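Think of it as A, B and C in the order they're written, each chain with its own count starting at 1.
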Amino acid sequence: MKRNTPLIFAFIVGMLVILAEFIPHRPFGELTSTLENWFMIISGFAILLGQISLIRVNSHIIYHKESNWQYHLAGMISFFLMLIFGILWGMQESIGLLGHGERISQAIGMKPFDYLFEYAYMPLSSTVFSLLAFFIASAAYRAFIIRGFESNLLMITAVIVIIGRSSFGSMLTASLPEAYRFWHIPRLADFLMEYPNTAAQRAILISAGLGIVGSSLRIILGIERSYLGGDK
Amino acid sequence: MKRLLIFGLLSLFLLPLGAQTINVTDVPWDDGKALDFHWDFPKQPDSLWLCLQDAQANNTRIEIPLSKAGTQRIGELSPGETYSFLLKAYWGDERERFAAIASPKAAWFYLHKWLFLLLLLVICGAILGYIFAAKQGKDFFIRRINGLDSMEEAIGRATEKGKPILYVPGIGDLDDIETIASLTILSHLAQRCAEYNTDLIVPCRFSMVLSASREVVREAYQKAGRLDAYKQENIFYLTDDQFGYVAGIDGIMLREEPAANFFLGSFYAESLILAETGFSTGAIQTAGTAQAHQLPFFVVSCDYTLIGEDLFAASAYLSRDPQQLGSLKGHDFGKLLVILLILIGVILEIAGITWLKDLITGALA
Amino acid sequence: MKLSARTERQIIYTLLIIAVGLPLVFPIGWKTEVSGYTEMAYKLIEETPAGNVVLISFDYDPSTITELQPMAEALIEHAFKKNHRIVATALWPMGVQMAEKAFQEICAAYPNKVYGEDYVNLGYKVGGMVSIQAMGRNLKEVYPVDSKGTHYDELPILQNIKRLKDFAWIASLSSGVPGLKEWVMVAHDTYGIPVTGGCTAISAPGFFAYVNEQKQLTGILGGLKSASEYESLIDRKGTATSKMDAQSIAHLLILVFIAAGNLKVYLSRRRKRNA
């Protein structure tokens, strides 16, 4: 029963959602929106679950002074600091328990929550994303090596797109006559992105889409049960 | 209700000779939210003014084109509710009023989606047919998927080195089918890790993924008879923030130095950050996603990559269950069907025959 | 001299910092040619009549602010120039602050634009595509108040706005899920509303497929280059244009790295052959 109940539930709900896609009449027409509302409500509660897990895991490490516990403590302090500032003085236009915190806002230029968001969180978040630039450089150094026909093709197209996507690209072939404008590097780069690249992406999307259909069908029919934690 | 009755009676009184001048019909095969308002006058009016009144006596002015005859579709109505229409037409100083009452009805089928349903039934039928054939004992050839075959090698290496395995189930939530596919692979991997007594670290981005992952891993350890080795603290929530999550995983990779990394699920811009950091630690890496624009980054930095459909085929491939393997042949049938439709469509378009394209485009509406 | 992989990475990263940093301090001023995709997005806004209410969804967070914020500012400025009234929403929690920053930046140059009449920030809603579908049926139910707590009915800009179909165009600036794809699937495919938007350069190839005959996307701004192209179209001296020099130099440097990598492999093969 413990194993069969979620399978039956998955089957019924899966079939209902598929039917709702084709049948506009009540109750099917409203079914999707009802399920959507339920999902929104559950998502809201699920956020709390994550926070509880975060606090439990980090508290355990800090309490038992496991390796690198200081960093976990810094993480927890940051978490509670933002939470407390937000609750006490609110953020932007919203009011907190202690009002809008006019005196603190005057001293630091904005509310404490907004201050930490603007000058701590935003630069940190941008920094992690900017690591991508370094990794692209090191990946390019390692990966674009001439080995055979396919790697040659890869490198040629990569060079065209890299140059075409910079200001430099339009300057290099700006003087080409109109009859040869196709070979203007930015245009060539756009062509490569629009046709070969899009064709390949669509092929992958189509096969992934079919994979999704097959996978969903197996889950709905109960053939696939690994997501529940076991085959049988 | 009273106002509606009065309006109805008034409209009967006001109907001129030739009551066929206006007509309101229900839009067929729809969700019951639209009506078609038709008008046909002997001569072009100077202005037209159409008012719609619902059952609560709320009036709405509807813009219609100024023409002798025409049809205007009025949407965003409530199915089953009665609507009254009042049309005022002006020819110079002459004014005529026309009224009608109608009620939109929801149909039992979206007729324009018939092709979509047919394709779905054909593909699902093929998948079920192959599953049935597999149950009867028919053997199907499935090509090798190196990324999945490498799982044993990865676990073996981790066990030799005494290092853990890192498994990232993607940045999607549980409603993402890629995440579900990832969890099915996690189940198989967790069972192997339990058998080899190798630690498995699973950082999660969403709480629901966390709950599902814990359940999957726990069950896998129980199935392997090693429930005592299961460590709940190894499957934990990091943060909802995309790059905070990535930063956390990078930290785990650099501190714990896992021998094998698995990036399976939905990934976006952070894919290269994860893959390159893992590469720098010397771990054997297997990645898989259906996000086509992230695949190049994984291919460059990972030892094995599951491309698109391979991710969804993983569970069938790993379990070697005949029924699941049969369903993979159904995928192939679907691909063949799509290839045929593309080829036929391209040839027809080149020949200037557009009915197939119009048919498929109509089904998407 | 054989360098370890770690040392090679350190050299690459150092050179990259210098290559990106110098043009930011000493701008070069290279011009960027406008691509077809950017022009499509520009035309959609340019050809929409004045007075229309439009929606811009801020579906990104500070990590991608460098690429997407200039796009947001350029779109807002263009919309203000065309006298469109802007409704801002966010499907990502931080999107609300991104919207606030963008409006603050642009409204400094448009002091006559009044909050609540010319633009409004409705705030963040959890649920992704589910929220968009709900907006398609009834916007007020999804956003009963705006991000400042003002009731829907008290905002003049929302007087004639009941659902998504009432918007003239929708732009989504997205760096992941939920984002542009969800807006295409619901706003365009279900309701037929023109959708345009912007994304990071790394995600842009995935969206080109949607710029098709069915106009699922009316143009797409992919990355900093597209942002700078858009700025040039609306004659805006924005941050994207000034950062393009750094991006161009970085691209050139990557070409140098590719050449260096190939040279290294060639020399290594030659050494093995001679050995």
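In the analysis below, contacts are C-beta pairs under 8 Å (C-beta built on N, C-alpha and C of every residue); 3 or more make two chains touch, one makes a residue touch a chain.
Computed from a prediction, not measured in an experiment: that's the story for all the values here.
Set side by side, B-C and A-B show the greater C-beta contact count at A-B. Core chain by CA centroid proximity to the global CA centroid: A.
A straight line joining the Cα centres of chain A and chain B is 16 Å long. Centres computed as Cα averages put chain B at a distance of 24 Å from chain C.
Each of residues 9, 61, 63-64, 202, 204-206 in chain C touches at least two other chains.
Contact with two or more other chains is made by residues 240-241, 243, 269, 272, 292-293 of chain B. The multi-chain contact residues of chain A, meaning those touching 2 or more other chains, are 39, 43, 47, 125, 128-129, 132, 136, 138, 142, 201, 205. By the touch criterion stated above, chain C contacts chain A in their complex at residues 8-9, 12-13, 16, 20, 30-33, 35-37, 61-66, 96-97, 100, 126-127, 130-131, 133-134, 137, 147-149, 201-202, 204-206, 208-209, 223, 225, 244-245, 247-248, 250-255, 257-258, 260-262, 265.
On the side of chain B, the complex with chain A involves touching residues 30-32, 79, 106-110, 113, 117, 120, 123-124, 127-128, 131, 173, 175, 177, 180-181, 183-185, 187-188, 206-208, 210-212, 215-216, 218-220, 222-223, 233, 236-241, 243-244, 246-247, 255, 269-270, 272-273, 275-277, 290, 292-293, 295, 297, 300-301, 307-309, 311-313, 315-316, 319, 321, 323-324, 327-328, 330-331, 334-335, 338.
By the touch criterion given at the top, residues 21-26, 29, 39, 42-43, 46-50, 53-54, 57, 60, 68, 125, 128-129, 131-132, 135-136, 138-139, 142-143, 200-201, 204-208, 210-219, 223-224, 226-231 of chain A touch chain B in their complex. Residue ranges on chain A touching chain C, taken from their complex, read 32-33, 36-37, 39-40, 43-44, 47, 92-94, 114, 117, 121-123, 125-126, 128-130, 132-134, 136-138, 140-142, 144-146, 155, 158-159, 162-163, 165-171, 186, 190, 193-194, 197-198, 201-202, 205. Taken in their complex, chain B has these residues touching chain C: 76, 171-172, 176, 240-243, 266, 268-269, 272, 280, 291-294, 361, 364.
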